[in-house]
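The structure appears right after this line, and notes come after that.
Chains here go by letter, A, B, C, D, E and F, matching the order in which they are written, and residues are numbered from 1 within each.
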Amino acid sequence: ELRGLSYENAFGGATSFLRRRYSKDLSGVDLAITGVPFDQSVTHRPGTRFGPRAIREASCLQPYDPPYGWGYDPLGQFNIVDYGDLAFDYARVSDFPDAVRNHFRTILAAGPGTVMLGGDHYCTLPILQAYAEKYGPMSVIQFDAHSDLWADDDMSRIDHGTFMYKAVKSGVVDASRSIQIGIRTECDDYLGMAYIDARHVHEKGPAAVVQRVREVVGDNPVYLTFDIDALDPAFAPGTGTPVWGGLHSWQAAAILRDLAGINLVGGDVVEVSPPYDTTGATAVAGAHVAMELIALWGWTRR
Amino acid sequence: ELRGLSYENAFGGATSFLRRRYSKDLSGVDLAITGVPFDQSVTHRPGTRFGPRAIREASCLQPYDPPYGWGYDPLGQFNIVDYGDLAFDYARVSDFPDAVRNHFRTILAAGPGTVMLGGDHYCTLPILQAYAEKYGPMSVIQFDAHSDLWADDDMSRIDHGTFMYKAVKSGVVDASRSIQIGIRTECDDYLGMAYIDARHVHEKGPAAVVQRVREVVGDNPVYLTFDIDALDPAFAPGTGTPVWGGLHSWQAAAILRDLAGINLVGGDVVEVSPPYDTTGATAVAGAHVAMELIALWGWTRR
Amino acid sequence: ELRGLSYENAFGGATSFLRRRYSKDLSGVDLAITGVPFDQSVTHRPGTRFGPRAIREASCLQPYDPPYGWGYDPLGQFNIVDYGDLAFDYARVSDFPDAVRNHFRTILAAGPGTVMLGGDHYCTLPILQAYAEKYGPMSVIQFDAHSDLWADDDMSRIDHGTFMYKAVKSGVVDASRSIQIGIRTECDDYLGMAYIDARHVHEKGPAAVVQRVREVVGDNPVYLTFDIDALDPAFAPGTGTPVWGGLHSWQAAAILRDLAGINLVGGDVVEVSPPYDTTGATAVAGAHVAMELIALWGWTRR
Amino acid sequence: ELRGLSYENAFGGATSFLRRRYSKDLSGVDLAITGVPFDQSVTHRPGTRFGPRAIREASCLQPYDPPYGWGYDPLGQFNIVDYGDLAFDYARVSDFPDAVRNHFRTILAAGPGTVMLGGDHYCTLPILQAYAEKYGPMSVIQFDAHSDLWADDDMSRIDHGTFMYKAVKSGVVDASRSIQIGIRTECDDYLGMAYIDARHVHEKGPAAVVQRVREVVGDNPVYLTFDIDALDPAFAPGTGTPVWGGLHSWQAAAILRDLAGINLVGGDVVEVSPPYDTTGATAVAGAHVAMELIALWGWTRR
Amino acid sequence: ELRGLSYENAFGGATSFLRRRYSKDLSGVDLAITGVPFDQSVTHRPGTRFGPRAIREASCLQPYDPPYGWGYDPLGQFNIVDYGDLAFDYARVSDFPDAVRNHFRTILAAGPGTVMLGGDHYCTLPILQAYAEKYGPMSVIQFDAHSDLWADDDMSRIDHGTFMYKAVKSGVVDASRSIQIGIRTECDDYLGMAYIDARHVHEKGPAAVVQRVREVVGDNPVYLTFDIDALDPAFAPGTGTPVWGGLHSWQAAAILRDLAGINLVGGDVVEVSPPYDTTGATAVAGAHVAMELIALWGWTRR
Amino acid sequence: ELRGLSYENAFGGATSFLRRRYSKDLSGVDLAITGVPFDQSVTHRPGTRFGPRAIREASCLQPYDPPYGWGYDPLGQFNIVDYGDLAFDYARVSDFPDAVRNHFRTILAAGPGTVMLGGDHYCTLPILQAYAEKYGPMSVIQFDAHSDLWADDDMSRIDHGTFMYKAVKSGVVDASRSIQIGIRTECDDYLGMAYIDARHVHEKGPAAVVQRVREVVGDNPVYLTFDIDALDPAFAPGTGTPVWGGLHSWQAAAILRDLAGINLVGGDVVEVSPPYDTTGATAVAGAHVAMELIALWGWTRR
C-alpha cells in the first residue's frame, strides 16, 4: 500500500516526510521526496545538512488533513514516497555534483518526479542538469532573497551564490522564460531572467505576482526552487544569509496556490538551517512549501 | 484598594497579571483573571501549562499606560483581580473537566466576568459549559488556525482538537451566530459556524472582518476565545501546532479594538506554550490579547 | 539482514535508533528498542513525549564504533531492531497503562528483550507489570534523583512520582533485592529498597557503588530503569524535575560498564525532555545509556 | 586607503561595521560609525550594551553588494570608518552623559557625521545635545513603539523612557518640525511633535508616511533615531520593551529608502538587545537600518 | 498561618519563594526572603535583575519535601515569608546603596534574619553595612570565582568587582576571620582574608574545605554570600563573568550542609542571570543555595 | 606598543583575542594568535567556522588579570598579536590544505610561534606539516574524545576524523613520543601513540596524567592540539561530535598548568561550534585553553 498514513501520534515514531512510506523502491511511485543534506558550499552560516531531517519532523503535523485551499488531496490520489537522503562523501566535496546528478537521474529514469528537501542552494544546480537531460532547458521559478547570479566561470567552484549563473550559462535553464521572486539584494546582470523584488510583492500583492509569473513561464516545463530566505527573517530565521524586508508566509502560500495549472516537473525547498531555526518556524515553512509543491505538481495530474 | 498599581519595577517582584491584586477574594470584583495551567489534551507539543505564568510575566510592561487606542483606562475604572490558577490533580485527567467547570461556576456565581489564561484549548469547553448555565447558548468568536471541529462523539475524550465540535453538539454554543477567524487548515463540516480564513484577513483587511463578525454575532452574549496559533508562527512561535500563513499581530489588535461594543461576557487566550516561545513574542502577544479582552469587556460597562 | 549499518551520513536520513532496521517484524530479533512517547503524568515540566525521537537522533553518532570499553560489539553479535513507538490515544489517558502493558506483552511473547526509550517514568510501571508476568517479582536497579515512592494507594492515578510505590506494593518488584542510585530528595519510607544517594557516589566512587549493587541484586533477573535526572542538571538539563548535586556522566558510564554480568532482562531510559534540552547533552546521555543497556544485556548472552 | 573591503570571508576575522577600517583616526573621514554600549537606563530588560558588537557581526553579510534599491554605492563613494565604541566607567553612571557628549563633540569637530550603534535610547539625548551645538534645534525623525515623552523634569535621572521629553524641553529638538513613527503606547502629551502610529502605517502604507514626514521636516537638519522596537517583536524580538502590532521590516526599509533627499545630519539605531535576540533577526535589522542611514546620509552628498 | 504550602501545582500560580506567604507584614516572622533585582554595577553581562524572579520560579519544585540530608524541616519549624523585592529608581543609580541599606535595616529592626536573592554582587555591600550596624564586623564566607577585592578607594563607584574591598576597608567585615571559596582568578592582595581556590576544592574535597572554614570563622557571626559563578559554567552558565574550572554542584551542597552549626546571621545568593541561563540549571542551583542557607540558618535555632 | 591592553569595557568594541593588537605585521612579534574558520570536513554538526570569532569574544573577560596559578604574566612579558583569520575560498575545498600550510609557513618563517583558534580538527594536519618543515617529526599531545586515527589512505580526503592517521603516516608526528588524553571511543590501532582514556583521568587524577605525558614527550618539541570535545558535553556542548563521560574543565586546567616546562612549539584549540554552544561555556573553555597554551608556551621562554 503506497498511500495512506500509518497510525502514529504526531509526536511519535521515526519521521518520514508526511509519514509517507520510507523506501528506496520506486515501483509504482508517482512522486519521490528526497533530501540532499549538504551545506558545504555556503558563504556564511552552515547547518542546512540538517534541513531534510527538520523538515520531515515539522511535516508530522500535516498529513492529517489535505493541504488547505486546494480542494483535493494529493496524498490520497498519488503514490508518494519518502526516498530518503542522498548519501555522499562529505570529505570529497568535488565528487558531490556527480553524486547529486546521478541520484536524480536514477529517480527520473524510474519515472517519478521529485521534490527535494535541501541542503544549500548549490544542490539545485546538478538537479537542474539531471532534469534538463529529460526536459531540455526549463523555466525556473526561483523564490529567493538573492539572485545567485554572481558571475563565476570556474565550473569547479561549488558555491551556493553562483549556482544560477552556472545553470543559465550551461544552458539547462531558459532564462528568458524564468523568473525570480523576493529579490532584495543587488544584481548587476540578471542574464535575461525576469524578477519581482520583495517590495513589489508587498506593494502589489500575490495576484499581480502570479499573473506576471504565468506570463513568463507559460506552459513551459517548470522547475520551482524555493530558497527559504525569500521569506523575511521573522518567518524564516533559520537560514544562512538572512536579509530583512522579505516575503511574509501568507504571500508565499497564496502565490504557490494560485500558480495551480503551471507545468511543474519538479521542485525543491532549500537553505533551511536548523541550528539557526530557534523558533522552529523555518522548518514549519519548509514543510509547507514542500506540501504546496506536491499539491501544485499533482494539480495537472489529478 | 482594588485598583491601582503596586510600586514595583517592571522586572521586580512576583508577577500577578498586570500587577493586579492576587487574591481569592471576589467581593467587589468586576472581572477576575484566572489561569488554567493544563496541557494534557494536546495532539503535538505540550507546554501550555506554563502559559499563565509566562503571560503574567509578559504583562508586567503593560500596567504603566492604559491600553493603546481605547481612549479609556479599564484598570482605573474596574475592580480587576488576578484570581490565580486552577489547582487540579494532573494524575487524574478524567476529573479535570469538572474541576474547570466548578472553578468558573464559583466565579460566575460571585458576580465577576472572567478572562482565562490557558492552558490548551480543551479548557475552553468546560468554561463554555459553565457560562451557558448562566447565559444559555452563546455566540463564540474564535481566533484559530484550526476549527477544532473534528468529529468526536466520545464526550470522555479530552482533546483540544475536538472541543468546539463538542461545544456545538452539546448546545452550549449557538453555531449559527458564531464565527471563526484565521482558519488555515481544512474542515469538512463547520456545523453551521461562519469562518474567515487567514488569507481572507490578509486580502480584505481588519475592517471587513469586523463588519462580518458584527453581522454574525449581533448583540448576542459573546464568548471570545483566542487560540494564539491564529497568529503566524513568526508572531507566535510558542504554540503546539503552528501553521504558516497566519495573522499578523497588528491585524489581531485592530480587529479586537474595532469589535468594541459587542456584548462580551467572557473570554480567554490559550495555547501559549513557553518552552517553545524562544523569542518571548508569544507571551507578549498573549498578554496583549488579554488586555484587549479586558478593554473590550469594559467598553460596554464603562 | 538484521545486522549492520545502512550507508548513511550521521546527519542524513530518517533516524532509527543506532540506525537499526525500523520494523514491526520481530522474527529472529534478539532485542527490540521501542519508544513510549508519553508525558502526561508529570508533576512539573512536560516534553518527554519527544524523548524517543531525540534519543534516536542523538544515537546517529554511535553506530560507527562498538561501545567504548566493552571489548565486544553487540550490534554485530545480536539482531537488534528499532520496533518504533507505542501509538496510543493521548485524549484518553486512563487507557494508557493497558496500552503499554499490551505493547510489551506482545514483544516479550515474541521472544526479544526490550530497551525502552521514554517518555516519563510512569511508563515503567506497566512495563514492570508485563515483565513480571514472565519473570515474577524482579530486582530493579533505579538511577534517579527521586525515589518515586511517594505513598499513593489510588492505582488509577497516573503519576510519575509514585510509580515505584505502586510497583512495589503490587508485587512486581522484589524491593529487598532492589536498589536506587543517585537519590537526593527526601523519602520517608523506602519500602525495603536499598539506596545510594548522589553524595555517596561522589564520595565513594563507582567501584563501591557497583559492589553494593551486586550484593543487592545477586543473580536475580534485573530490570534497570534510568531516570536521566539521576545526572546533574549540568549533564542533563533536559528533564522535568532537575535537582542539583547529581551524578556526573562518567560515573554513570563506569557503573553501567562495571555491572557487566548481572542478569539483565530489560531496561529503559526515561525523562529526557527535548524542549528543555537546550544543550543537546541530555539526548546524548540518553543515547549512551541505551547503548550501555544493550551492551549490558548482551554481555551474558554473547 | 579608506574605502574598499578587506579580503575576508563573511564568517572570518574580527568584525568592524561593514568591514570598514577600524580606527580612531578621523582624517579624511566623511562618516564615522561608532557604538555606545550602554544599557544602564532601562525600565525592563537590559542587554543593549552588546548591541554594537552584534550589529557589527550581522553587518558582515552586507558589504559585498551596494545597498538594495539605491542605485549608488555609498561604501565606494565615501570614506566611512568604524570609529569603535565609547569607553566609559560603568560604575559611575552619572558621568555617562558627559562622556557621550564629549565623544560626539570630538567627532563632529573633526568633520564627519555619525551613525551611532546603541545601546539604549537614553544615549540619543547627549548625542542630540552635541549635534545641537553645531546645528541648533533639529528636526528628529523617531521610529519607536513608545514616545519616550513621559514627563520627567529631573535632568539627572538617566532613563530611556523620558529622553525625548528632556530633549524637547531643553531645546535641542524642534518639536514642531519633528515626527514619531510606529507609536503604539499611550502618551498624554506629545509636546508638539507629530506622530504616526503603527496601525496607521499598516493601513495607509509607506508612501503616505513618507509624504507626511517630508511635510513635517522639510529641509531642516534632521537627526533620525531608530528604536528597533518600532518593529514588531516578530521582526525584532531582541529588545527590552517589546510591544505587539509593530512595523514590518519591509515597511521600515521602504520608508527609509523613500526619505532620500531629506537633510540628514546624523542618526542612530538603538535598543538591539542580543541576549534576547534569539533569532538573530534583530541584529540583522539593526545592521540594515544602519546601512540605510548611511545611504540616506550619502544621498544628498553623493 | 505563616507555615505550610498553599495547594498549588508546581507549574501553577504566581510564584513566591518556596511558595511561602508573599507579604510585607513581618510580625511573627523568623526569616525574610527578599530579592534585590539590580544589575547596574556589572563589568560584563547584565541580566541579574531577573535573578529573584527566576529563583522563585525554580524553587517551586522544592517545597514538597524537606531539604535533603538535613534531618529536619525548616519550612515546618520557622515562620518564613517572601518579603518581595526592593523597589528602587533604576534611573538614579547613585541612590541605590541607601535604598538597599534601608531595606535591610527595616527588616533587621523588625527582627527576622534575611536571605537575599540577587541581583549582582554589589548588592551585598550595603547589606553587610546594615548587618554590621547590628552585629559589628562579621565573618564572611564568600563562594566566588573572583575575590572582588580589586582596589577601589572611590566609595561612590558602584561596581560588583570591588565590593568586598570596600566592605573590608570600611570595617564591616572582619577579614581575618573571613574566607573565600572557589577562587580561580588572580588577586594581588587578599587584605587578610583566607581563601581556598577551586582547584583545592577539587583536589582535597569538601571535608577539608569545611574544616578550614570552621577554623577561620569559629563562632563569630557569619554572613554567607554565594556568587553563583563559584560553580563551573557547566553548572551555572547563567551568570555574568563565567570562569572555567569551577566547583561542581555536589561540592557546594556538601560544604553548605556540613557547615551546620556555624553562627549564620544572614546570607545571599547573587549573580544568577536568567537571560544567559539557557539550561535553567543556574536558577535551580540558586534556589538550592537559598534553601541550604535557610536550613543552615535554622540549624542553630531549631 | 605591542603589549598592554587598550582601554575598553569587556563588553565594548570589536574583539581581538585577549584585546591584543589585531595586525598582519609580525615584526617584533613573539607569538601570533590566528584563526582558521573552517568546518567543511566534519562528519556531523558544522559550525566551527564561527569558532575563532566566539573565542575572541569570550576572551574579553580575561586580559584584566594574568592567567590563574602561573605566577607570571605572559601578556606583559611577550609581544603577542592577533594575526586575524586565514581567508580562503570556501567553494574550492581541495585548495584548503595548501592555504593553511602557507599561512603557517609564513608566520613561522617570520619568527613567531602560533596558537591557532579553530575551526575543525582537520586544520591541524596542514599546520603540523608546516611545523614539521621547521622542527621535524614532533611530539603531539592531543586532548580529544576520539583518536582521529580511522584508517584513510586517500590523502585527498579532507576529513576531521582521519587527520591524525595521516599526520602519523606522513611522518610529521613522532607517534612513539606522542599521547592522546580524554579518549572515549574505540580505536583499532593507535599507530604507536600512547593514550589515556577519560575514565582514567577521572579515576587517577591530573597528577598521574601529567607524569605519564612527561614520560612520553620528554623534551621533544611538542605541538599541543586541544579538541574541545575532550571535555564532557556538560562543559562543552558546542561541538560537533559530543560524547558523554568526558573531562571536567578543572582537570584540563590542572593538566595544562602542570605541564609547565615541556618544550611547546605551538598549539591549537579546535572544534568549538558556536551555533551549538547554547550556554556559551564552550567558547569560555576555548578561550581558557588558548590562554593556558600561551602561558605554557611562554613558561620556558620567560
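Everything below uses one rule, namely that a residue touches a chain if its C-beta (ideal position, glycine included) is under 8 Å from a C-beta of that chain, and two chains touch if they have at least 3 such contacts.
Bear in mind the structure is a predicted one, so any value in this text is a computation, not a measurement.
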Set of chains whose contacts include both subunit E and subunit D: B, F
Farthest chain (mean CA position) relative to subunit B: F
Whole-Å gap separating subunit B and subunit F, where each centre is the average of the chain's CA atoms: 55
Inter-chain centre distance, subunit C versus subunit E - centres from mean C-alpha coordinates, in Å: 37
Touching two or more other chains - residues of subunit E: 9, 11, 43, 45, 49-50, 90, 232, 234-235, 248, 276, 278-279
Graph class of chain-chain contacts, one of line, ring, star, complete, other: other
Touching chain combinations (by label order): A-B, A-C, A-D, A-F, B-C, B-D, B-E, C-E, C-F, D-E, D-F, E-F
Of all residues in subunit F, those that touch subunit D in their complex: 7-9, 11-16, 22, 35, 37, 49-50, 52-53, 56-57, 82, 84-88, 90
Complex contact set, residues of subunit F against subunit A: 39-43, 45-47, 49-50, 89-94, 156-159, 162, 275-276
Parts of subunit B lying in touch with subunit D, wherever the complex brings them together: 9-11, 60-61, 65-69, 205, 232, 234-235, 248-254, 278-281, 284-285, 288
Residues of subunit D defined as touching subunit B within the complex: 43-45, 184-186, 197-199, 202-203, 232-235, 237, 241-246, 248, 276, 278-279
